[in-house]
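Each of the two complexes below includes chain A, the first together with chain B, the second together with chain C.
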Partner chain A sequence: MSKRRVIPGFGLSMGFTITYLSLIILIPLAALFLKAARLSGAEWWAILTTPQVIAAAKLTFGASAAAATVSTVFGLLVTWVLVRYQFPGRKFLDAMVDLPFALPTAVAGITLTAIYAPNGWIGEYLAKWGIEAAYSPLGVFIALTFIGFPFVVRTLQPVMEDFGSEYEEAAATLGAGRWTVFWRVIFPMFIPALITGFTLAFARAIGEYGSVIFISGNLPLKTEILPLLVVGQLEQFKYEAAAVIAAAMLMASFALLFLINLLQRRLNWQNH
Partner chain B sequence: MKTFKLLTLLSSLLTSSIFADELLNVSYDPTREFYQEFNAAFAKQWKQQTGKALTVKQSHGGSGKQARSVIDGLSADVVTLALSGDIDAIAKQGNLLPADWQAKYPDHSSPYTSTIVFVVRKGNPKGIKDWGDLVQSGIKVITPNPKTSGGARWNYLAAWAYADHKFGGDQAKVKEYIRALYQNVPVLDTGARGSTTTFAQRGIGDVFLSWENEAHLIEKEFPGKTQIIIPSISILAEPPVAVVEKNAKKHGTEELAKAYLAYLYSAEAQDIAGKNFYRPRDAKALAKWSGNFPKINLVTIDKEFGGWGKAQKIHFEDGGTFDEIYKGR
Partner chain C sequence: MSISIQSISKSFGSYAALEDVSLEVPDGSLTALLGPSGSGKTTLLRIVAGLEFADSGPGKISFHGEDVSEIPARKRGVGFVFQHYALFRHMTVAQNIAFGLSVLPRVQRPQKSDIRDRVMELLKLVKLEGLDKRRPHELSGGQRQRVALARALAIRPKVLLLDEPFGALDAQVRKDLRRWLRQFHDEIGLTTLFVTHDQEEALELSDQVVVMRNARIEQVGKPQAVYDQPRSPFVYEFLGNVNKLQAGSDVRYVRPHEIEVLFAAEYEPLTDSLARVQHLFSAGPIATLTVRLNDGQFLDVELSRKQLDELALSVGDEVAVRAKPENEAVF
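What follows is the complex of A and B.
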């Protein structure tokens, strides 16, 4: 034993961590890659470059990024209202934010479709303006915004609650206007939490299936999402092809998340 | 080790045949109502014959998904699915029953048949009478996505058969018809039940391509809102049944499973099928329920498309005709 650690129990807790992570994450993912590895590189390429897969990838990643962006902007606003102001019904609103977590995604999808379909409450008015909400890429975006929203609020909320008013007061005494206080003092403090929230919402949106398939209409090359193509391959008993699409999705998501994490580190480092 | 053996013995005693026979039938979505009634009838008959009580457990879902569950270890004694291709997959990928399973029972192991009909809004406001009307501009057609739904593949093949006959086999014209048809489809749900919801509940579309029995269920569920239109030609769907031999052997339910499927061909079962809008094979039952089943010119998948495997490959696999019609839109 060369070095004794100050905190005891490292061996036990580390062993447990590795076993646990292996069981719930590593082994299932390894199985996925093993299945996909049965096909050659050329076969991977052939599957991943079909027009359907390319169109679905564009929609999935594009709509997920757009939805996560909107969730981030409005998540900031909602969190601000929930944390900074006292008003009747605040606790109730606060609890409502979690509903997209709790609702089965299929229920969310069916409900959203019912509302945004051309004969639904909102869809009816949108249709008059010539806007197709359900059964279009916009529908995919709506569903992904719904399921991603709580991630932003819940990551930002604790940061904002810990953030006392002393910085704002100090800035104000130094002569900063309200706008300057917000942009130069408050907002930069929230950026790391906002990025985390964005990342979570984005990652969740990429894999989302249940709510999207009801509202998207699933038209080939137009509104098919990648997870639907995975299911489509499974329906044809093409396990390997399904695994290839899933593995590619996973690698793309991992690369994106990794980049976002890097960006966040840089920002954190600049802030200090 | 000894206690372990004793425990497994005990648990197997508790779950199996001492008290009652048990059978798991893995089926597809729209057979729910039919098998509820059939199971009760068969249990009664089984009790008379053997003196044993019988519980039949049912599992329903999309046909392809159900087949995958069985391959992945859902221990079905019998499967009663929508497509022979799905049972072929269980034979091939899961190795759970012999490849010639379809020869074990009469009529390609399909005790009842069904077909694809049109459901339109009450009064048929768009005047839809046959397949040719579906490609007119302004008509919205509801059908599920053939990549994810078995029923959707029957719809597609029925439309194909119509065009093939109409254009005398001119492939370019047939593809043009199918392309025009799918241009009129605003939503492709993942399953037949999803499409039913889109058409009946959301009020989207002018015509819904539906299983015949599902079409009657919609009329029951939404009375006065829809009506059924019988096209000039359609496809004969033969939903097949089979004993999952390896599982049955393991459970010791071989005899029971065989008797269960054989009973589907009995006069009583055929009558129940007719009542639940499945076309019975038995002439007497068919005559009794003939009001439910107008005469249609029905083509078979074997004659028209050279069997399920071939149809799947040409039309629905990646790069097949279905992918083709969406290209270059």
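What follows is the complex of A and C.
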């Protein structure tokens, strides 16, 4: 380790990094797993296979994936508009994208509920079509889309801004029409950034609590999400059970994110 | 196919990029658009390609007599090689080259096997056999450029347009590719127009040099003619090294190799000036001499090693210098 380095401060900065990561991430997570480890494998199994947990897991991961997908599609569209066109109010629109970051999630949840409830501005019309937006899985999905959307835009924006017009021009001189240029040249080049955006939105959605609990109505087996179950167990002083659900959630999320990362690694043109 | 450019003007807002430019590019020629940045050369190339459209007016672009001014790039049938190649990085070399054929409407699109054959033929043409499965980032700069060239040629373009073809390469690769491109052009005989700011490149490579400045064409001609008979001080200074001598209110332009150096004893008052050797650089076959004239002006002179050895000069010696009169210009 006595090798000389040109860039100074490795020892100090690495030490700081490890201390920081330990305090912020590793120690809390280790505490969580220690708590959960007090229960045996059979007890884990019993907690995780209750119908309530299974239903909540399906809803959490399902709605998160669906919301992240929708955020990705519309995030692409919004980013395209923000980057490619000059129009009055563009800066304003651009700033608006960040609002879901800044807004307290509970406020977002209450607002969304008010709008999508059967007597709300939008819910009223949806109700006429027989669509129940608030207090249903759809409501969970709406809330998760709201909070995940900025991640996609902010990930994609710098990539798109760097993307010169010469690829489109090259494709045009080779005879490609606009549609072909988009689908065969532009879109594939954005895929790595889109995957990153999707991953961030997805990860954020899995852990989301504040906005969802208001709009979902928290009906057991129907609209309960996993974080709500964790809080529920805590309120009943079942700390170990809460830790088990949380630990399982964490492992599942980690496995999913790891898989997405692998997929992205395979699309290896990203860094070139 | 010949390219005919007739009184093209182009402005971006209040900035005039081209002002009433006309040019004939003969069929099968290799023509260089040479000029400093901001002279309008790239804009002209892009207008020929259909990537940019000239201001409305009498201006017209024709290929072989056919007016193409209103035809957009994707239907104009030009091969365009971008300065940074613009290779599609998510596609392999073969997919890049095949792109132009694979986007043709179904009725015109060749069979997959025919496209494959054409790609292989083009790879051979640009000397990149065996690299078809690579991705652009796995290639060197020179290889990327040739992939871009093959991709542009795949659609059998009417004309070939190159934007600063050697701009992104280092010196040695540049020289090799330059020679290769000249040979390549002679083989395929496609009318080619390329943009460069490097005078050496333009002179060495092209059949016709178009010197541009401030949105206008300054001079058009064969490299030798443009170099030997520059029509303006700008062209004189832009093409090769030149000495600028103040003589009263006139400026005389003399190229360094067009000056004779004689012993001071041979001094002829009518044609010569006396000067003192200030600096001597003699690595390689050509020696460069800087002399200081009696009126204080400096003069660069190029002579062969042999001449230098005969004169046996060293710094501080007095010499007589004589401009070969046929090549001197006064503006």
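Keep in mind that, in the parts below, the second predicted complex is superposed on the first by the 266 of 272 C-alpha atoms of A that agree within 3 Å, B and C clash if a C-alpha of one lies under 4 Å from a C-alpha of the other, contacts with A are read in each partner's own complex, and residues count from 1 in each chain.
We adopt the following convention: contacts are C-beta pairs under 8 Å (C-beta built on N, C-alpha and C of every residue); 3 or more make two chains touch, one makes a residue touch a chain.
Just so you know, these numbers come straight off a predicted model, no measurement behind them.
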Overlay on chain A: chain C relative to chain B, clash or fit: fit
Where does A:Pro51 make contact in the superposed view: on chain B (first), on chain C (second), on both, or on neither? first
Greater residue coverage of chain A in the superposed arrangement, chain B or chain C: B
For A:Ala117, is the partner it touches chain B (first), chain C (second), both, or none of the two (neither)? first
Please work out whether A:Gly217 is in contact with chain B alone, chain C alone, both, or neither, and reply first, second, both or neither. first
Applying the document's definition of touch, where does A:Ala171 land relative to chain B and chain C: first, second, both, or neither? second
Go through the superposed model and pick first if A:Tyr135 touches only chain B, second if only chain C, both, or neither. first
Determine, under the contact definition given at the top, whether A:Thr180 touches first (chain B), second (chain C), both, or neither. second
Identify the partner contact of A:Val231: answer first if only chain B is touched, second if only chain C is, both if each is, neither if none is. first
Superposition-derived minimum Cα distance between chain C and chain B (Å): 49
Which positions of chain A sit in both the chain B and the chain C interface? none
Chain C - residues contacting chain A, complex: 49-51, 72-76, 78-80, 82, 84, 86, 88-90, 99-100, 103-104, 135-137, 151-152, 154-155
As the complex stands, chain A meets chain C at residues 164, 166-167, 169-177, 180, 184-185, 188-189, 191, 267, 269, 272
In the complex formed with chain B, which residues of chain A make contact? 47, 50-52, 110, 113-114, 117-120, 135, 213-214, 217-221, 228-229, 231-232, 234-237, 241
Where on chain B is chain A touching in the complex? 62, 64-65, 67-68, 89, 93, 145, 147-149, 185-190, 194, 197, 201-204, 312, 316-319, 322-323, 326-327, 329
